[in-house]
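Read from first to last, the chains carry the letters A, B, C and D; within each, the first residue is number 1.
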Amino acid sequence: DAPVALITGPCQLESLDHARMMAEKIAEACAPTGTRFVFKASYDKANRSSLGTARGLGMEAGLEILGRIREEFGVPVLTDVHEPGHCAPAAEICDVLQIPAFLCRQTDLLLAAGETGAAINVKKGQFLAPWDMANVAAKIASTGNDRILLCERGTSFGYNALVSDFRGLPIMERTGHPIVFDATHSVQQPGGQGATSGGQREFAPVLARAAVAVGVSALFIETHQDPDTAPSDGPNMIPVDRMAGLIAELRAFDDLRKGRG
Amino acid sequence: DAPVALITGPCQLESLDHARMMAEKIAEACAPTGTRFVFKASYDKANRSSLGTARGLGMEAGLEILGRIREEFGVPVLTDVHEPGHCAPAAEICDVLQIPAFLCRQTDLLLAAGETGAAINVKKGQFLAPWDMANVAAKIASTGNDRILLCERGTSFGYNALVSDFRGLPIMERTGHPIVFDATHSVQQPGGQGATSGGQREFAPVLARAAVAVGVSALFIETHQDPDTAPSDGPNMIPVDRMAGLIAELRAFDDLRKGRG
Amino acid sequence: DAPVALITGPCQLESLDHARMMAEKIAEACAPTGTRFVFKASYDKANRSSLGTARGLGMEAGLEILGRIREEFGVPVLTDVHEPGHCAPAAEICDVLQIPAFLCRQTDLLLAAGETGAAINVKKGQFLAPWDMANVAAKIASTGNDRILLCERGTSFGYNALVSDFRGLPIMERTGHPIVFDATHSVQQPGGQGATSGGQREFAPVLARAAVAVGVSALFIETHQDPDTAPSDGPNMIPVDRMAGLIAELRAFDDLRKGRG
Amino acid sequence: DAPVALITGPCQLESLDHARMMAEKIAEACAPTGTRFVFKASYDKANRSSLGTARGLGMEAGLEILGRIREEFGVPVLTDVHEPGHCAPAAEICDVLQIPAFLCRQTDLLLAAGETGAAINVKKGQFLAPWDMANVAAKIASTGNDRILLCERGTSFGYNALVSDFRGLPIMERTGHPIVFDATHSVQQPGGQGATSGGQREFAPVLARAAVAVGVSALFIETHQDPDTAPSDGPNMIPVDRMAGLIAELRAFDDLRKGRG
């Protein structure tokens, strides 16, 4: 088994300079352990809790920035897609297209994403059981694209709360697809701050340790140089200056889990 | 308060003849109590559990049938929309556009629907708290369209199960918008039959009685002449020949709730 | 079907004078509709959230007060029991013994209660499915006592929250036992105020209406002349001066449900 | 931090010979890693799903067997207690008294257990939030006994299902008490087989790995030489011949977590 990889970056693209700065800090944090990462950022937050919050740079500007990061840093890049028509342009730049959790049952979006041939990271809906993801993966695979990642990001647990069910990781693994654990969205408190979602940043490393001990192919961890001023998902992002320490810790558990070193 | 109205019809459009037959039987079931109804049918089931199941007639053929029903029966018609670009054409025919529960946080879809000026029935996501719907309604209202209905259709409760929290009806009512209770989707068992969703048809009248006793403006009840052979949602639809009795019963509770003789 | 009965009284016995005052006010509230009631009060709150809260008068003093109320008002009385050894003495005075929700799986307590021959009102555990109550009832019935009431009082729904699943009422009714809906504990927020439980008093009448529309034999409603100063369960009790109006409203729905008047 | 300890043994005492055989096999499984264990067995299953299932040997016979195991193997022993009056006799033999999850709010039981001076392992109720356990611990500590262990064993998640929320371990740890993770009850499916509870044995090692990676003082793992024929909890117990391998694996994660080796 390959060492655990990272999907990481700021929740939302802010500017080319910001993306460069983040990519550089992430690359530095990953270097000591030789951890591979996919740079993640969204150009459009299409499903925010309320209207009065930042949505992002838009597709064209966002894809251009992602393309520059890809080229300058030599890393694969990921963004999320929200409509079938956005998949082809996004896939011209991005190595991985991500299906948001709320949209993981939208057949047209899954098919359009699959048809690009890009790798597809599907987040499990908060309203789905882990075994329901086999049907989701099958929709994508019907396009002939089997580069599918299945990502756990928390399950509805009462109101304004999520819970991470770690039995879900081996259950989704039965599909044969690599499993990703999203440590920062799993500690979201959806809608928990009225017009935005709250979060419990302090538990992201706790759940990430649990996930690598259970066994995953990749971790999804959003990060920011100053989460409290980030335009979205601040309450659950990891400060980028703590990433090096976190990665080193998680790699040690992953090495043990996968019988290395 | 006006008497409780119905949003009713088959889950999925099958043909013009079928839609006519259903509309006629529904009109007959509503006549004795003078109950007003909106004819509901989907031309595209865009988020089915798995790929190997019927999706429907498509937008063009579907809207034509809905237009015929509207004209021939003199009733308002409703269909659901899944992409921003579908809202305007659907609104040329339909009196009410419906936002599916999984999509109730997709800002672009809510705005596009609102901008048509049609009435908008938004289903509450299975992953949302009732108070979260205030933000959803505000997105639509930002277009200047305040013809908004908020619809309860069950909340995630463990895996492959929903629960109806009747506190949610008065909570959503605080927004000032009329409240709809979806009695047939609330008894769905999402994904509960492997590649399709199961259902507990026998509890739909039970929950509908509870809803009118709590107090609602409308009930959403899918119906079919033979639910067990319907192309979708069979396990939770009400046989159309039981609708007259059900409507009469529910109207009696609604009359009592609203202080009518 | 008999008209819906009430199990009602203050959560906790405070004194003989207080119990008399409450019984008198309740009798007055029930008189206009001829509604029968069982007077309910606890002499020991054995499972409070924290230690620094009032537990009650104790068994001996409590049973004496209940006996006086029974005699003076000619009404059946109910109290809850927490240990097998308390069942026999409680049954000497009380017409109905109540098994608390947390204790509904304790075999010895169920058997001891059953063996007294008193009617037994078992609250469904917040951790149980409605169909699990068949086994609970069978434990009591094994003593030869089939005077069993099954009471819904909310199901765990995330943390510090309950939800009322109204499908549970007809499901429990399949056992053949009368069904009770506890409208005031169903709106508790367990542990929601740190050292005590919170509550949402405003939703108790809402859920009670839903319950009688679904169909129940009795309602359980705690009441107090001044809930905000009550020694326990204040946040969810109904002020006693609103009981007459509430009872009249609920009886109208119950009459409709049961085909009277 | 001390290496993770085990609380382990068969769910239910069957006979002295059986207990000896189990203790011997467990001792062998623990020896290679020098893992300390507490021998756990119940003499009375007081809250089984239904009446027609084995309850156990009874207190007197059970305590005698536990005393023999304690003496012959030189290990501490644990049993659960269900009534205040059982605490003192159980504590004459047992080093640790365990409060069952359903009973974790019963004040008299907590006080009686605390007053024995024995160590007390309290299982978190399936209906409680992790932060609610501070009040539970405070009830025991009020007796002057602070030898308290708090044990996670799953939280209600819909019907007939539990979920393990690993955020709960650090949350409960804030009380200052050692934290135990019960890996075999956490994979129970309560009531899931009609008259008994089901289980998902295959996930117990998965969740146990997650728990030691998060960080715990002890693991609770029930084991049997032939779980499928055990009188209770068979579906979730670990076969004893797999315990050595499991312990070695878990110790490696625990050593990494606690910075040893």
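Operating definition for what follows: contacts are C-beta pairs under 8 Å (C-beta built on N, C-alpha and C of every residue); 3 or more make two chains touch, one makes a residue touch a chain.
Bear in mind the structure is a predicted one, so any value in this text is a computation, not a measurement.
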| item | value |
| --- | --- |
| Chain copies touching (chain A, chain B) - same or different residues, decided at half shared | same |
| Maximum centroid distance from chain D, chain identifier (CA atoms) | B |
| Between chain A and chain D, centroid-to-centroid distance (C-alpha), Å | 37 |
| Mean-CA-position distance for chain D and chain C (Å) | 33 |
| Contacts with 2+ other chains: residues of chain D | 155, 157, 159 |
| Chain B - residues contacting chain D, complex | 157-159, 161 |
| Interface residues, chain B side, partner chain C - complex | 155, 157, 163-167, 169-170, 187, 200, 203, 206-207, 209-214, 252-253, 256-257 |
| Residues on chain C engaged by chain D in the complex (per definition of touch) | 46-51, 55, 82-84, 102-103, 105-108, 125-132, 135, 138-139, 142, 155-156, 159-160, 190-191, 195 |
